[in-house]
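One structure, pasted below without further comment.
Letters A, B, C and D name the chains as they come in the text, with residue numbers starting at 1 for each one.
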Amino acid sequence: MSQAEPEISQDAQRVITYAEAGVEALQEEMRRDPSIFYIGQGIGPRGGNFQQSRGLWAEFGGDRVRDTPIAERAQAGLGVGAALAGSHPVVDIVFLDFVLEAICEIIQQASTIHYISDGKFKVPLVIRAAGGGVRSTGPHHSHTFYSFFMHIPGLKVALPSTPYDVKGLMKTALRDQNPVVFIDHKGLYGVKGPVPKEEYLIPFGKAAIKRTGEHVTIVALSQMVHRALQAATLLEKQGISAEVIDPRTLAPFDSETILTSVAKTGRLVIVDEAYAACGVSAEIAAIVATQALYDLDSPIHRICALPAPHAFSPSLDNYLIPSVDRIVSEVARVAKDRS
Amino acid sequence: MVKPSKELVLSLYRGMVEIREFEMKAREIFRSGKMPGFIHVYIGEEAIATGICAQLRKDDYVASTHRGHGHAIAKGISARSSMAELMGAIDGCSGGRGGTMHLYEPEVGFLGSNGVVPPGILIATGAALSAKVRKSDQVAVAFFGDGAVNNGAFHEGLNFAATWNLPVIYVCENNLYATEMPFEQATKNTDVASRAAAYKIPGYQVDGNNVLEVYERAGEAVARARRGEGPTLLECRTYRWFGHHEGDAGTSYRAKEEIAKWRELDPVRRLRDKALADSLVTAEEFAQVDRDVEKVINDAAEYALKSPQPDVSTALDHVFSN
Amino acid sequence: MVKPSKELVLSLYRGMVEIREFEMKAREIFRSGKMPGFIHVYIGEEAIATGICAQLRKDDYVASTHRGHGHAIAKGISARSSMAELMGAIDGCSGGRGGTMHLYEPEVGFLGSNGVVPPGILIATGAALSAKVRKSDQVAVAFFGDGAVNNGAFHEGLNFAATWNLPVIYVCENNLYATEMPFEQATKNTDVASRAAAYKIPGYQVDGNNVLEVYERAGEAVARARRGEGPTLLECRTYRWFGHHEGDAGTSYRAKEEIAKWRELDPVRRLRDKALADSLVTAEEFAQVDRDVEKVINDAAEYALKSPQPDVSTALDHVFSN
Amino acid sequence: MSQAEPEISQDAQRVITYAEAGVEALQEEMRRDPSIFYIGQGIGPRGGNFQQSRGLWAEFGGDRVRDTPIAERAQAGLGVGAALAGSHPVVDIVFLDFVLEAICEIIQQASTIHYISDGKFKVPLVIRAAGGGVRSTGPHHSHTFYSFFMHIPGLKVALPSTPYDVKGLMKTALRDQNPVVFIDHKGLYGVKGPVPKEEYLIPFGKAAIKRTGEHVTIVALSQMVHRALQAATLLEKQGISAEVIDPRTLAPFDSETILTSVAKTGRLVIVDEAYAACGVSAEIAAIVATQALYDLDSPIHRICALPAPHAFSPSLDNYLIPSVDRIVSEVARVAKDRS
C-alpha cells in the first residue's frame, strides 16, 4: 500500500496537462465501453469550461456527449436513472460549487440504492466537478467541500493532484460499479506532468507518497500537494525532511500509508484548501488520534483555509488559502517542537 | 373508447383487486403493530398503476413514489416479496433494507419507489435517456403526486425529456392533497395537464378512477414514446380513500362529503358494474378473481410474517458493489 | 405607446450610456491586466435594466445575476463604487470581498448580483414576500437570463409568487445564449413569456432593445405588483454584443450575421435616432449627456484604480454579524 | 464556559416536551418581534409533522405562518431574500434530509452574504429541520449530516438534546442576526423535561456538562446525549465515572469545556449518531489532538453510526446506530485502557 509513485510515471517521456489527461482517460474508456456517456453544461462542442472534455463531442457525437441546460439537480437525477438502466453516465457539473444543487440526488439516491435494493441495482455513475479557487473565482466558484462526500457511505471520492493521477483514477472510476465523485482542481487543469502512453489504472484507496522524508509527515490534498512539495523543498534547506503524502482518493481512504509514515516521523501536518472544521483534515487527525496516538511526538497540526467565505479580492483570497510560506513556517514549527 | 375485451377487463380487474387487497392486508398488519415504519396506501387510486402498467413491457421502466406499493405490484413485483419488504424482512424485494418506500426490482424494470417526493421523475427520465442512447425501444414511466408538480425537479425533468425527445410518460396522480395540503393552496394553476404546454409536449387530463380510460390514454402515450416521438404528461385525477399514511385518518382536512363522493367513484366497482351491465363478464367470473386474489394476498401475508429480519452480520454488505 | 417626454428620453438615454461606458471602461481595465476575476459585460442589453429600474422606487428591491453591473448602476449604485468593486478594492460597494458577481447595496435595495444562475429569482421572491408580510407596498424585481428558465428554481419561485400573489416582476433577459449554448438547444419551448401560463400569471414578450417599450411594460407590471395584484413575467429579447465573459470572443458559436443584425438594433442608438427624428431632443443635448457620462466614468475608473486592496488583517471580519 | 447545566433548569417545576419547548420559544419571540415569520410544509393548521409548530398558525395567522408547496430550494431561497429585506424568517424543512434540496441556497447565499457585502447586509434566517432516525424512518428520512453546516463559515448550528435547550437555543437563534441551522431530533420530540416558565436564553457556543465525572469524557450529540447518560449510569456500576458533555451548538463551538474536561479525565470518547468520516466526531478528535494531545492518557475513541445507508429493517437499523450497550462496552474499554 505505502509505496512511492509507481515507476511508470517517472519513466514516461510524454508530458501532458491535467485537463488532457482527463480527456484521454475518458476517450479510452468511452472507446472501450459503449455504455459510457457524458453530459454537462458546455462539455459538447465547447469542450468544457476548462477544456476538460475537449474533442469528446467530435469523436463520440451528440448522442454520447450532450450539452445540458442549467439544471444540475436533473443532470444528477438523470445520471442516477440512466445508471440504473444499464448506462455508465458521467455527469460533469463543471464547478464543484454547483454540485450543491444536485447533492440531494447524490446522497439520497446514488449513494443508497445499491444498499437498499439489497445489492440488486448498481449505480455506476461518475459525478465530475472541479473544486478550489483560482484567480479570484470568488465566493460562488471556489468551494472545496469534498468532505461532504467522504462523510457519506456508498460514495467513492477521487481527488487527483497530477495529470498522472487524473488519468489513472478516471479510468478506474469509469470501471467502478459505484457512484464516484471525481473532483478535479480548477487551478491544476493547465499543470503538466508525465503520463505514459501505455494503459494504466490507479486503484482507489491507495495513497501516493509524493516525496519521502524522515522528520514530519505532510498529508496534502489536491492543489495543496504542489504547495506542500514546494514547501518541502524549502524545508529541506532548513534541515527538515518532510514526507508528502497525497491520499488521491478520500473514499476508500488509505489510512495505512499515513499511519506508517507517522510511525516513522512522529509528526503530522495536514494541508487542505478546504475549511478545517469537519473537513478531511479533521478526519485524518481523528484517524491518527484514534489509531496511532502513541506514535505522535508532537500535536497534530492542520493548515487549512481560514474560516471565511472565499473572498474576491486577491489580497484576501491569497491570505485565506494556505500558501507555501505558511506551510513552510508552520511545518517548521511542528518539526522543531520538542514539547 | 374502443370496446374492451373480456380478457382485458378481467385482467385489469384482477390488477386492481390485487392492489386493493394487498393494501387492505398491509393496513391490517400495520395496525396489529407488527409492521415497522409508516405506510402510505394506494387505495382508491388502483386504476392508475393498473391501467398504465398494463401497457408496459417487462423491460420498460417505472420509477415511483412513497405511495408506491400499487406501482410495484402492477409492474410485476410479487405480492409476497412486496409484503415481505414492508415487514423489513429478508425475503422482501429489497432484502428488508429499503422498506415500504424503497421497493426495487431490476427483473421487472422497477427502479424503485422513493422516500423523496420528486426524484422518481428524474430517475425515469434518466432511464429513458439511457434507452435512447442505447438505441433500445424501452420506455419509462414516472409516477408522482400533485405534490411533486410545483417542485423544481418536475420542471427540469420535463424540460429535459421534451428537449431531447425522450421516451417517457409522466403520470401525475392528482389526488388533490399533498399530506394535508389541498392542491389549490400549493399552486394557482391546478390544471396539471395544462402545464405540458410550458414544455411543448402533449398533456391530457384523465379520469384516474376509470381504468379503461387510463389504459387507453396510456396506450397512446406509450406508443408515442416507443415510436420515438417523445414524452407525454398524463394528469390522472383521483383520490386516496384514507389518510396520507396509516395513522392519519384523513378526515380533519377533508370534508366527509368529498370523501364519500370519491368513494362512489371506486375504480374497482366502476369497472365491475360496467362490465356486468354490458354483460361482458359474469358475476361469478369476478368472484373467481376475488377468490384467487384473496388466496394470493393471504399467502403473501403469511410468507411475509414468517420471513426473518436480516441478520446484523450482513449490516455492512452491499454498501459498495464490486 | 404613449409619447415620452424629453426628460424621460434624456434620463433613459443617460442611464443606458452610463452602463455602456462603464462596461467599455471595465473591459479596457480588464484587458490591461489590472482587474481580477472574470467580468460578464452587459453591452447590448442596457435598455432592460434602464427601462425597468426607471419604474422603481429607491426602496424597491432588485436581485441580479452574474451579468449584473448594469442592474446595479440602474438601481443606483454609483459607478465609482461599482468599478472599485470590480477591482476587489476597499471602496467597492462590497468592500472588494464580492467582486464583479457580488455587488450589494442595501441603501438602494440592491440585493446582490450573483455567481449562481437562478437564486436571484428566489431572493427577489423572498423580498416580495417580506414586503407583503410587512404590509409595505415595495416591489421586487428579479433579473435573470434565458439560462435560468429551465432551472427548477425558476419554476418554484414563480409558483410561489403566483400562489401567494407576491409583488414581484420577473425579467428574463433572453439574449438567446447561455454561455455557448443556444436557447433552442436548452429547451423545446423558446417562448419564455408563454411559460407564465403554467403559473397563471401574465407574461409578455418585450423588445428588450427598445427602452421605451421596456419602460412602458415595466410600468404596468410594477403598478400591478404595487396594487397587490401579483407577479408578472416579462421576457425581454436582447443580445450581448461580446462574449459570455471577457476572454470569450463570442464569435465561435454565433454567426457574424447574427451579431451584426443585433448590433443594428443598438438600444442606445435607437432611442437617440428616434428622439432626433421626432425632434424631441437635439444632438447637442445628447452630446452633453455623453460628455457628462464620460466624466463620471473616467472619474470612477480613476477612483477604482487608486482604491487599495483590503488589508489582510480584515480577512476574518464580517463572517458573522453581531 | 465550563459549568454544569444552569440552576434554573433543575429548579423548574414545569415539565414539557421537546416539541412544546420549541413552540414556546417561537411563540414568545414571534410575539416580541413582528419581523419573524414561519414557513414550511405542513406547519400551518396541521401544526407540523411532529407538532413542532402547534398553535402558531392559530395565534399568528396565515400571513406569518405559511404552509408551502414541496419546494425546499425555493423555501430556503425565499428565506434568504426575506431576510435581506428586513424580515426574520424561520424556514422549517421538517426533515433534515430534505435540507439537501436547499443546501445550495444555505451555503452559497445565506452563509456568504454578510461577508461578501462587507457587512452591509445581514441574513437573520433560521433553517429548522429534524434529523436522526426513529422507528424505521429508513434511508431517506434519517439523515444526520450536521457536520456539513459546521464545515461552512458564516453559519451557526444548534443541535439541542433537551426541551430546556430547545427553548433557550431557539430563542437565541431568533435574536441572532446570522443564518442559524437549527436541528431538532425526530426521536426527541416527545421527550419531556423541565422548562422554567420564566424567560431565559442559552448563549450559542456554550456546552453543557450534562453529568460530571472523573475517569472519561464523553462528548455526545443530540439524541446520543440521552444514550450516553444512560450508559454513564451503567458505567458507574462498573466503577467508571464518566463526564457527559453536550456541545449544544456546533458553531460556534465550545472547545474549552471539552479541553478542560479532557485535562481532568485524560480520556475522550465521542458519541454521534452521524457517520464518523469527516463528522463532528472527527472535528472534536482533531481539536483535542491538535490542542491537547498531552492531556490524553489513551487514544481518542469514536462511537458513531456504522458506515452504511440507514436501513429500514429494525434489526439493521438498531445495529447501525450507537446503542447504550455499545456505548457502555466501548467506553469501559477506553476507561480501562492502560496501554
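Criterion: contacts are C-beta pairs under 8 Å (C-beta built on N, C-alpha and C of every residue); 3 or more make two chains touch, one makes a residue touch a chain.
Everything numeric here is computed off the predicted structure, so don't read it as measured data.
Trainee: Any chance you could check whether A-C or C-D wins on number of contacting C-beta pairs?
Mentor: Between the two chain pairs, C-D has more contacting C-beta pairs.
Trainee: As a test of understanding: of all chains, whose mean C-alpha position lies farthest from that of chain C?
Mentor: Farthest by centroid: B.
Trainee: How many angstrom lie between the CA centroids of chain A and chain C, rounded to a whole number?
Mentor: Inter-chain centre distance comes to 37 Å.
Trainee: If you average the CA atoms of chain A and of chain D, how many Å lie between those two points?
Mentor: 31
Trainee: Return the distance between the CA-based centres of chain A and chain B, expressed in whole Å.
Mentor: Centre separation, chain A to chain B: 41 Å.
Trainee: Specify, in ascending order, the residues of chain D that touch 2 or more different other chains.
Mentor: Each of 68-69, 71, 73-74, 97-98, 104, 108, 115-116, 138-140, 153-154, 307-309, 311-312 in chain D touches at least two other chains.
Trainee: Can you tell me which residues of chain C touch two or more of the remaining chains?
Mentor: Each of 94, 96-98, 102, 114-116, 150-153, 156, 159, 163, 185-187, 319 in chain C touches at least two other chains.
Trainee: For a test of understanding, state which residues of chain A touch chain D in their complex under the given definition.
Mentor: Residues of chain A touching chain D: 73, 97-98, 100-101, 103-104, 107-108, 111-112, 115-116, 138-140, 143, 145, 147-148, 150-154, 251, 253, 274-283, 285-286, 288-294, 296, 298-302, 307-309, 311-312, 339.
Trainee: Touching chain D in the complex: which residues of chain C?
Mentor: Those residues of chain C that touch chain D are 61, 63, 92-98, 102, 104-106, 111-112, 114-116, 119, 121-134, 138, 140, 152-153, 156-157, 159-160, 163-164, 317-322.
Trainee: What does chain B use to touch chain D in their complex?
Mentor: 36-38, 88-89, 94, 96-102, 114-118, 147-148, 150-152, 178-181, 185-187, 253, 309-312, 314-316, 319
Trainee: Per the contact definition, I'd like the list of chain D residues that touch chain B in the complex.
Mentor: Of all residues in chain D, those touching chain B are 41-42, 45-46, 67-71, 73-74, 97-98, 135-141, 306-309, 311-316, 319-320.
Trainee: Hey, which residues of chain D end up touching chain C in the complex?
Mentor: Interface residues on chain D, with respect to chain C: 35, 37, 63-64, 66, 68-69, 71, 73-74, 76-87, 89, 104-105, 108-109, 113-123, 153-154, 156, 177-178.
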